[in-house]
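Shared between the two complexes below is subunit A, which pairs with subunit B and subunit C, respectively.
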Partner chain A sequence: MTPRIISKKTHRSQFAVYDERGRKIKLAKRGKKLSRSVAGTVALFLFIGIFAVFMGMPMVLTISNALKPLDELFYFPPRFFVRNPTFSNFSDLFMSLQQTWVPFARYLLNSFIITGFGTVGHLIFASAAAYPLAKNKFPGSRILMSIVILSLMFSPVVTGIPNFLIITQLRMVDTYWALILPAFSASLGLYLMKQFMEQVPDSLIESARIDGCSEFSIWWNIVMPNVKPAWLTLIILQFQALWATTGGVFLQSEELKPLTFAMNQVALGGIARAGEGAAVMFITMMVPVTFFVISQSRIVETMATSGMKE
Partner chain B sequence: MNKERNIFQKIFLPRPANHRRNTTGSLMKKNWQSYLLLAPYFMLFFTFTVLPVVMAMGLSFTHFNMLQAPQWVGWNNYIRLFLENETFMIALQNTLIIAVVAGPISYVLCFTFAWIINEMPPKIRALMTVVFYAPSISGNVFFVWMWFFSGDRHGLVNGWLLNLGLSEYPINFFRDTRYILPLLLVVQVWLSLGVAFLAFIAGLQTVDKAMYEAGAMDGISNRWQELWHITLPSMRPQLMFGAVMQITASFAVGDISMTLAGFPSVAYAGETIVTHMNDFGWIRFEMGYASAIAVVLFAMMIGTNKAVQHLLRRVGS
Partner chain C sequence: MQKRKRKGFSLRRREMLSGLLFLSPWLIGITVFFLWNLIQAMRWSFNYVFIEAGVGVQFRWLGLDNFNHIFRVHSTFMQEMFESILQIVISVPLIIFFSLFMAILLNRHFIGRGLVRAIFFLPVIMGSAAIANAIEITMGMLMGGMSHVPPEALREATGFNAAIIISLLNEFQVPPQVIGFLVDTIANLHEVIRSAGVQILIFLAALQSIPPSMYEVAQIEGATGYETFWKITLPMVSPLIVTNIVFTVIDMYANSETVETARITFFELQNFGASAAMSLSSALLVCVALFSICYIVSRHVFYYD
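Up next, the complex of A and B:
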């Protein structure tokens, strides 16, 4: 089998090695170490190609359906790709949303309030707590962190019922707070933020401390500007969760429901609304995906520190 | 200046004024600002995460319908759950099947994809990351699977089958007990390339390149050896984190079943612990009983996570 170098990155890493007297040492097996069998490469790329189609097909269908006129949606035999793309589904959806009892703008505002406050609050609260956990040692810091890690190990569905009881007791049912406050304390955000903050050099913090900065101002003026990639990660994780929420049992008044709820209601209107339903799915999907496309590199940077030591 | 004091000095001489003993109390006082920063988050965290777990455990020993005060019933809920509730056994079985099949598959796929993508040029890598990650952040878009497996002839799969003459009538996929669970597995795997996948991509980019150089000199000759002896061991922290994410998600399957297979699903073929809990909690308002179900799920998630972490410590050794 021919040894082959695949990526440029590995190619570039062919640095020279010198011995004590400064002579270049020839590495005989240079090529061999990066050996990538062609068969293996083909097999792997084929594998990922097949799965990329599997993963991507539903997304492509969502886009394609949103652009299909109603007759194409119910064409037999069904077509995967749209033939005569049209934006009529979107204009229909907009028309339907105009006719709802609660004005469309109100749904949009509700969504903005819930996702906006929920996301920003989570970012601030979680990073404020992450800084001392990452950088200071004090009684209880370890145990708090292990509780947070433990909470990553079960899903919030477990706590759904008691949570409802607590929110009822706090008289927050049917207010935005019922969705916003629990979102502030999501544990994944705190965990990722804490891991990322550990990278901030101690010397930076130490010198600020010598200059007489309070812990609060170290967090806000020194640590926070240094962990901007992690901001985006927390924002997208929280944003997509809150964007997808319909309010569930927590919001009962129609005028407090978010846009996702209104759009789902429109989409439930049966066959006549199938086109609008496709448009709804397209919008629901595109908002977080666009967000991710824009912030991808920062998010991946944060995830590099996500590892668990225990 | 903290010079080491000998035993004599310790006993008989007064402590120098600048010497502070690190008692818990003094450390707490010294770090009061840290506690202040922690307070807002952890107040909410305890209210909405820790307290609910404790409450669920407490409520699981009661009969509680939200109208009357909870009544202590001891282990009754658990006894009913495991001995008298056949539907729960179906739910338990389905949840375990999903967790055992979809969990490891999605975990391995997360890693494999990240590993292959990592060798691609940056632009293609970014594109592939979006393709694989998008389903998990798109909210309710898994409903699109309904367009594929819709029970009438307008569903794509039925359309193709009918058109090719492979089937004489449309198959009602999400209403047929033979297809519900396998389809849910497919959808769950499709949805599950989430945070763990990103963590792996990021982790692979941080593996020290010098390790590969060194490995080559030690006689590693192909990519599979490189994967096992270098890449996997140096990614152990990310592997742990990814495992936690995937296990938790694979036990929490419920929404996709309720949306796609219906609630309740035909002959409970799509019933999972989560849907079962929703049934008793939000529809029958048997909060005590539903809490017992939640506690069982909680125990399963934590137990599996701990066990898998134990296993993962041995990766590459």
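Up next, the complex of A and C:
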């Protein structure tokens, strides 16, 4: 299970490669194509394509519903694609929510505050904690990791009431902190970051330490850039999880409620609000999707080992 | 000669201290928001818990009665718990292979890669309770007239609304029998992707952490794609296979019958103590299963150093 090649023995034009246990590694014969056949590639992409079409359908329907005028929304039998696209649903949504006592922009802002702070805080807390757990083996780290896994496993059903009592005692009910602070110390991200940080070569960290790098600087300038794909993934997961919270019992004031809460309210508004419901659903869904596409495009291949010579 | 006084701490102590410094913010958080809850839940499981108006939560010591109740009196709990664990053990390898396969496909360079990845992540976004709920309400409202669709098809999968597909196929006038078959198939696929979305994402990140120079070397030495997979890709992502096993087990357990039973016991039967006992005992059992799987798998994991 190792990609390292130990020795090469050349005998005329014959070419043999051995791995570290001395077993011969079979090489492709000359002239044999190295890549997959064209037909195979086409089949694979067809497979992805069909999958993508079916999985993308809910998104397409949400977009097309948001653009449908009211009469088309209730057309029977229902139509999938929009015939006369219009933005009237969005203008209706802003109009009617402008007149309520909490404007629509406020819900949106609340969602962004909770999601933004929660995600950034979780990223910093989790990756700072993951670094010593992955790289400085100190007594108790194994027990800590077991606690992390147990906390991932423990269902929120039973912890719900004690958690509410704690938040109450900390006087955080009806503030953003009730949702943001527990998100900081979620253990999902810690576990993910720890697993990725274990893959950062020790020699890289040692050489930084020899050159006089401080522990903080090693974490921030050496380890973190090397696990960029990991923390981009972590951001996506945490963003998605926080974006979907409705605030529940923790937020009681209407002006603190997030967008998902408003969306459920509009959706429950009945037939007359159907167009607006489609519009608000579009907005709620599009934010995480856009975020996902942007952060995925930021991932470039890291070069953990590019500065090393063996 | 005067003995030289040692300045500061030894390297080991210093490393430990800096480690603790890095850990402390998170450690405080987990103590407040999780460990305290865990202790509370343990206390609940040994007590009869009831809420008295004006006083708050009250306890009466029961000893092991709650555990006795759920294991020996409760009619379905034991069976559900073992079925859940069996289900998890069966599904884990399937989901791991599927997500690794999908991640390798999605990691290749092609036009619209970002969009396709987003589409594969979509079930995870739409599977979250709040959004799935809104979709259900809206679709129910808009599709009120579709009486020819069997209700089972609409109820089929969690987080997936069959009405969406039915309306599309209706557009192209596909006969109802074919629609029924397609809906079943897609609902199952959707379920698989919903439970594999996060794993695909983690494997993608793992694949992107493999230095490209390794593949270059392999190519120069004349390795085939098959060999490259077994000798480079698989060893390099193997540490993350353990991670993904953990994620899969946790996700499946959170959506299992056992947790649902605990929820019903908590909110509907208001038997808080028994619910805490159920959660504790099943979580511990799944943890034991998880640690044994991880122990076996992690012996085959390769760490690049």
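Here, the second predicted complex is superposed on the first by the 226 of 310 C-alpha atoms of A that agree within 3 Å, B and C clash if a C-alpha of one lies under 4 Å from a C-alpha of the other, contacts with A are read in each partner's own complex, and residues count from 1 in each chain.
Keep this in mind: a contact is a pair of C-beta atoms (placed from the backbone, for glycine too) under 8 Å apart; a residue touches a chain by one contact, two chains touch by 3 or more.
Computed from a prediction, not measured in an experiment: that's the story for all the values here.
Once the two complexes are laid over each other on the shared chain, residue contacts for A:Gln240 go to subunit B and to subunit C alike.
Shared-chain residue A:Ser37: touches subunit B; no touch with subunit C. In the superposition on chain A, A:Ser203 makes contact with subunit C only, while subunit B stays out of contact range. By the touch criterion defined above, A:Val289 lies against subunit B and subunit C together after alignment on the C-alpha atoms of chain A. Look at A:Thr260: by the touch rule set out above, it reaches both subunit B and subunit C.
Within the superposed three-chain model, A:Leu268 lies in touch with subunit C and out of touch with subunit B [touch as defined at top]. Once the two complexes are overlaid on the shared chain, A:Val249 sits against subunit B while remaining clear of subunit C. Shared interface residues of subunit A (contacting subunit B in one complex, subunit C in the other): 32, 34-36, 44-45, 47-48, 51-52, 54-56, 58-59, 61, 65, 73-74, 76-78, 80, 125-126, 128-129, 131-133, 136, 138, 144, 147-148, 150-155, 157-163, 165-166, 181-182, 184-185, 187, 190, 215, 219, 236-237, 240, 244, 260, 264, 281, 284-285, 288-289, 292-293, 296-297, 299-306. By the touch criterion given at the top, residues 1-3, 5, 15, 17, 25-28, 32, 34-36, 44-45, 47-48, 51-52, 54-59, 61, 65, 73-74, 76-81, 125-126, 128-129, 131-133, 136, 138, 144, 146-155, 157-163, 165-166, 170, 181-182, 184-185, 187, 190-192, 195-196, 198-199, 201-203, 215, 219, 226-227, 229-230, 232-233, 236-237, 240-241, 244-246, 260-261, 263-264, 267-268, 270-271, 274, 277-278, 281, 284-285, 288-289, 292-293, 296-297, 299-306 of subunit A touch subunit C in their complex. Residues 15-16, 18-20, 22-23, 25-30, 32-38, 40-41, 44, 57, 105-106, 110, 114-126, 128-131, 133-135, 137-138, 141-143, 145-146, 161, 164-165, 167-168, 170-171, 186, 189-190, 193, 198, 201-202, 204-206, 208-214, 217-219, 221-225, 227, 231-232, 234-236, 238-240, 242-243, 246, 250, 253-254, 259, 262-263, 266-267, 272, 275-276, 279-280, 283, 286-287, 290-291, 300, 302-305 of subunit C are the ones that touch subunit A when the two sit in their complex. On subunit B, the positions that touch subunit A within their shared complex are 24, 27-28, 30-31, 33-38, 40-42, 44-45, 47-53, 55-56, 59, 66, 109, 112-113, 116-117, 119-121, 126, 128-135, 137-145, 147-148, 153-156, 159-160, 162-163, 190, 193, 195, 198-199, 201-203, 205-206, 209, 212-213, 215-217, 220-224, 235-241, 244-245, 247-249, 251-252, 254, 274, 277, 281-282, 287, 290-291, 294, 297-298, 301-302, 305-306, 309.
Considering their complex, residues 6-8, 10, 13, 29, 32-37, 40, 44-45, 47-48, 51-52, 54-56, 58-59, 61-62, 65, 73-74, 76-78, 80, 125-126, 128-129, 131-133, 136, 138-139, 141, 144, 147-148, 150-163, 165-166, 181-182, 184-185, 187-188, 190, 214-216, 219, 236-237, 240, 243-244, 249, 260, 264, 281, 284-285, 288-289, 292-293, 296-297, 299-310 of subunit A touch subunit B.
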